[in-house]
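Chain nomenclature is as follows: A, B, C and D, assigned in order of appearance, with residue numbering initiated at 1 for each chain independently.
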Amino acid sequence: MEAKKIYLDYAATTPVDPEVVEAMIQCLGPDGDYANSSSSHFFGKSAKVHIDTARGQIAARIGAEVDSICFTSGATESDNMALIGTMNANQHRGRHLITSTLEHKAVLDTAYALKDQGFEITFVDHDEHGVISTQQLATAIRNDTVLVSIMHVNNETGVLQDLAALGELCQERGVLFHVDAAQSVGKVPLNVADFSVDLVSLTAHKAYGPMGIGALYIRKGMKIAPMIYGGEQEWGYRSGTLATHQIAGFGKAFALADPDQEGPLLAARRDQLWAGLKVIEGVSLNGHATKRSPHILNVTFAGVEGESLRTSLADVAISAGSACNSDVPDPSHVLRGMGLSDALASSSLRFSVGRFTTESDIDYVLKRVREEVLRLRELASGAPEWTVS
Amino acid sequence: MEAKKIYLDYAATTPVDPEVVEAMIQCLGPDGDYANSSSSHFFGKSAKVHIDTARGQIAARIGAEVDSICFTSGATESDNMALIGTMNANQHRGRHLITSTLEHKAVLDTAYALKDQGFEITFVDHDEHGVISTQQLATAIRNDTVLVSIMHVNNETGVLQDLAALGELCQERGVLFHVDAAQSVGKVPLNVADFSVDLVSLTAHKAYGPMGIGALYIRKGMKIAPMIYGGEQEWGYRSGTLATHQIAGFGKAFALADPDQEGPLLAARRDQLWAGLKVIEGVSLNGHATKRSPHILNVTFAGVEGESLRTSLADVAISAGSACNSDVPDPSHVLRGMGLSDALASSSLRFSVGRFTTESDIDYVLKRVREEVLRLRELASGAPEWTVS
Amino acid sequence: MDYESEVKQRFLSPNRVKSFEEGIAGVVSGESSDRTLNVWVRFQVQVINGLIRTIRFNVYGCPYTVAAVDWAAEWLEGRETGALLDLGMIDRRKELGVPVDRLGKLLLIEDAAAACQKKLERLTTQDGN
Amino acid sequence: MDYESEVKQRFLSPNRVKSFEEGIAGVVSGESSDRTLNVWVRFQVQVINGLIRTIRFNVYGCPYTVAAVDWAAEWLEGRETGALLDLGMIDRRKELGVPVDRLGKLLLIEDAAAACQKKLERLTTQDGN
């Protein structure tokens, strides 16, 4: 008997939309447009059409000019390139980088690597919901600040930053602005024409596109050093044979990813989930009640050990925080950064809904969560105060 | 009327084998194993099975230990990581890098970038066929040499280096050895247990796998700095969500890529092609007559301008050299490095055959090449000496 | 995580969880906890004639910890009270398939058992007065 | 490369390629070449009564160069010999859809035509003697 299994980990990755799979397959086998798009023969030209179409689709989705989209292997590489490339290319301006402790590891660990190389890092403050104010950012900016890197949608809590206000401040202060928007596309509107931004990290696989392909939006006129050298693809910013099928899928996925259409559907599922969870005793929401993306719900179950809860819910794919490379994740740096104790941080779960989540999926998950929370609370009855606060 | 079109540019990229496409599709849509393989839930575990299988297939193909295969976005990234990561991590040993002018741009441009950062580069000599001897390498090695980077199969001429001899020398002299083997797999045997090597760059898309995925073989105990930071995937060497479908396809492609089986078939097509070409006046072979891979044939057509020849052969996908990012390639640095004049280098074509090349494809191509060479020679009749020597 | 099937089984259906009502004769309880390890363990043992007749536990911790407590309770039941000092979790870890980085959590189980033993000793001493 | 259809057409089927037999009356030839540009151009013009009656060419070069030479030959035929100095390739480049980085090659066509004109002048001078 195959047990029921529900996927609520869309923030870790999404299945590839069947229409996207179709677009990818067109660029594969011997009858597809499989050639190297850099080749000047007709096979190459046919492949290039897919690249050009996709670049247009991606640019259109974020309101960018077509030739400001530089393909990479994903948001991790985009983040690295944004930080390392910008800091290295702008040393005449200074060596100071601002980011926040709420960022994804692709930004945080890169910032630490830059620090090892002699750059200076400031972590900007945020409030208890994980929101960064312009006042807080203003305090962190120095005369030698080169770049501010702040994510759009937090991948653990779904908290949404006010990019317009932060971008305006950066522009006023003559500081470059990078936004990690890996979680945004298809969930919340993101238009680079609406605010002042220099670099935006994108990835396909969080928006029903394939894993292993992403892009860095590079505003025209930006100065950024390449990180990977070679055939000078992508205007020399990023060498390496362009992966036609990946890019075609990326383009198709972004063409389909309309937040105006999908956002409300996601919000409905998330709200259904929260309505069922919040009536359980000792359950609290992490993040901000309104400044948030519709696809993520991060919840603390006081008095319930997190690994045990996830293990009990073996039929529900959820996450302790970001999909990380360890079976025993450390308590989330994001939640601790928002003031939760280690115990409460590790008693927290990230639920993330997506295109294929149904109302009955949520009903099932609610039933299972209630069962297991009660079971584990009974098991832990008598546990000390620190497990619940 | 759709004209006949023949693809003889397998060295630029190969179509993805239908069996590989199948393996990839299993990891895509909503019913596939699409999850993030870093996730600890069952969906993640199912994805991880594909990663583990593929890592095993790739390791087996080159005789490596499973955990010495580090996934990257392709050979370009692998080459960058090998050079930059090794030079940065071994500065206590010295700052000297040896490579050759025959390398792919992914190595050459990276070497130049390292030079800009204060590292020293020596380009080792080679003979007129593009073969590097141990004597030549021995001359280049210094006390402060950290790394030697030499490719296995040259992507323009197919010339094969004697890795066993070069590797032995590197080991004797205590120098690390990197091999760019992007063109090797499935064409010539490559077994890291057979010779002394520390790093090997691999890519899937030259061996009927997908574009945008590759690997760096990193010998156990090697010290190499990461280039991309983040979630610490791949033992921290290379962060970023692993692209399950890409890796599954890569593994399948390498499992299928048996040089003992395919090499002779490729050689037969190449020899058929050469037999037909060499009877044309003024045609000469570039590279080495025997030390070569079976899939590449690089030929000079004296007195025929290369771009015109390629344009005339619009129904045959061939290349001026490497697939490059420009419609007007500079005369090949590899051929010039082997002593050809600019004119002769630009009168040269790279034909590369593959799994789907038939005998009648070659017959057709021979007919067409003869026609066009004669036509262009007539057009250029009376041209000066420098166009033919 | 890929738990060994014994760990999984014990974690998902632990026996001996329901606590004793208060005031039952011969019942002592002992607990231990470590906030940094995110573990709390409590045993209640009912001792009759120097033998552990019944044992109950509560635990807040990871699945390995829960499973190991469940095992420990089962193992203790029916033994002489001296066994409370003899759980030997270091040796038992591998058999249960618990990764070595969880050993600290397992040792807290020994502490909780030892705390019971201490209470029993005090009881015995009081009785002897 | 995506050649404009005129370039493609002229490159694939150039007219006026077959050279004159030697010793035909009124035929002069002029050529130019540049090794770094990888181009060589030769015109043969047959002039009768100050008009270019027939023109033939040979060329070693890229498709744009071939196409431009073909255009130039067609344009010259029937004109007065002064036209040999009036090819105006700078203006013509865009109309043919030749990228600006090929302009150097196109200017060699003017040089070859000018070389013909020079020969013609010399002939005329000789005749006048």
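A few points about this structure:
We take it that a residue touches a chain if its C-beta (ideal position, glycine included) is under 8 Å from a C-beta of that chain, and two chains touch if they have at least 3 such contacts.
What you are looking at is a predicted structure, and each value in this text was computed from that prediction instead of being measured.
Distances between chain centres, each the mean of the C-alpha atoms, put C farthest from subunit B. Distance between subunit A and subunit D, defined via averaged C-alpha coordinates, is recorded as 61 Å. In terms of their C-alpha centroids, the spacing between subunit A and subunit B amounts to 34 Å.
Here the spacing of subunit A and subunit C, counted between their Cα centres, is 43 Å. Residue numbers of subunit C whose C-beta contacts span two or more other chains: 1. Within subunit A, residues 40, 327 each touch two or more of the remaining chains.
In terms of which chains touch, the assembly is arranged as an unbranched chain of neighbours.
Which chains touch which is summed up as A-B, A-C, B-D. Of all the residues in subunit B, the ones that touch subunit D in their complex are 303, 305, 307-308, 311-312, 327-328, 342-343, 346, 378-384, 386-387.
Here subunit A touches subunit B in the complex through residues 5, 7, 9, 12-18, 21, 24-25, 28-30, 32, 34-36, 38-44, 72-74, 76-77, 79-80, 104-106, 109-110, 112-113, 203, 205, 210-213, 226-233, 239-246, 310, 314-319, 322-325, 327, 356, going by the rule given at the top.
Residues of subunit D touching subunit B in their complex: 1, 3, 11-12, 14, 17, 19, 31, 33, 35-36, 38, 40, 42, 58-63, 66, 101.
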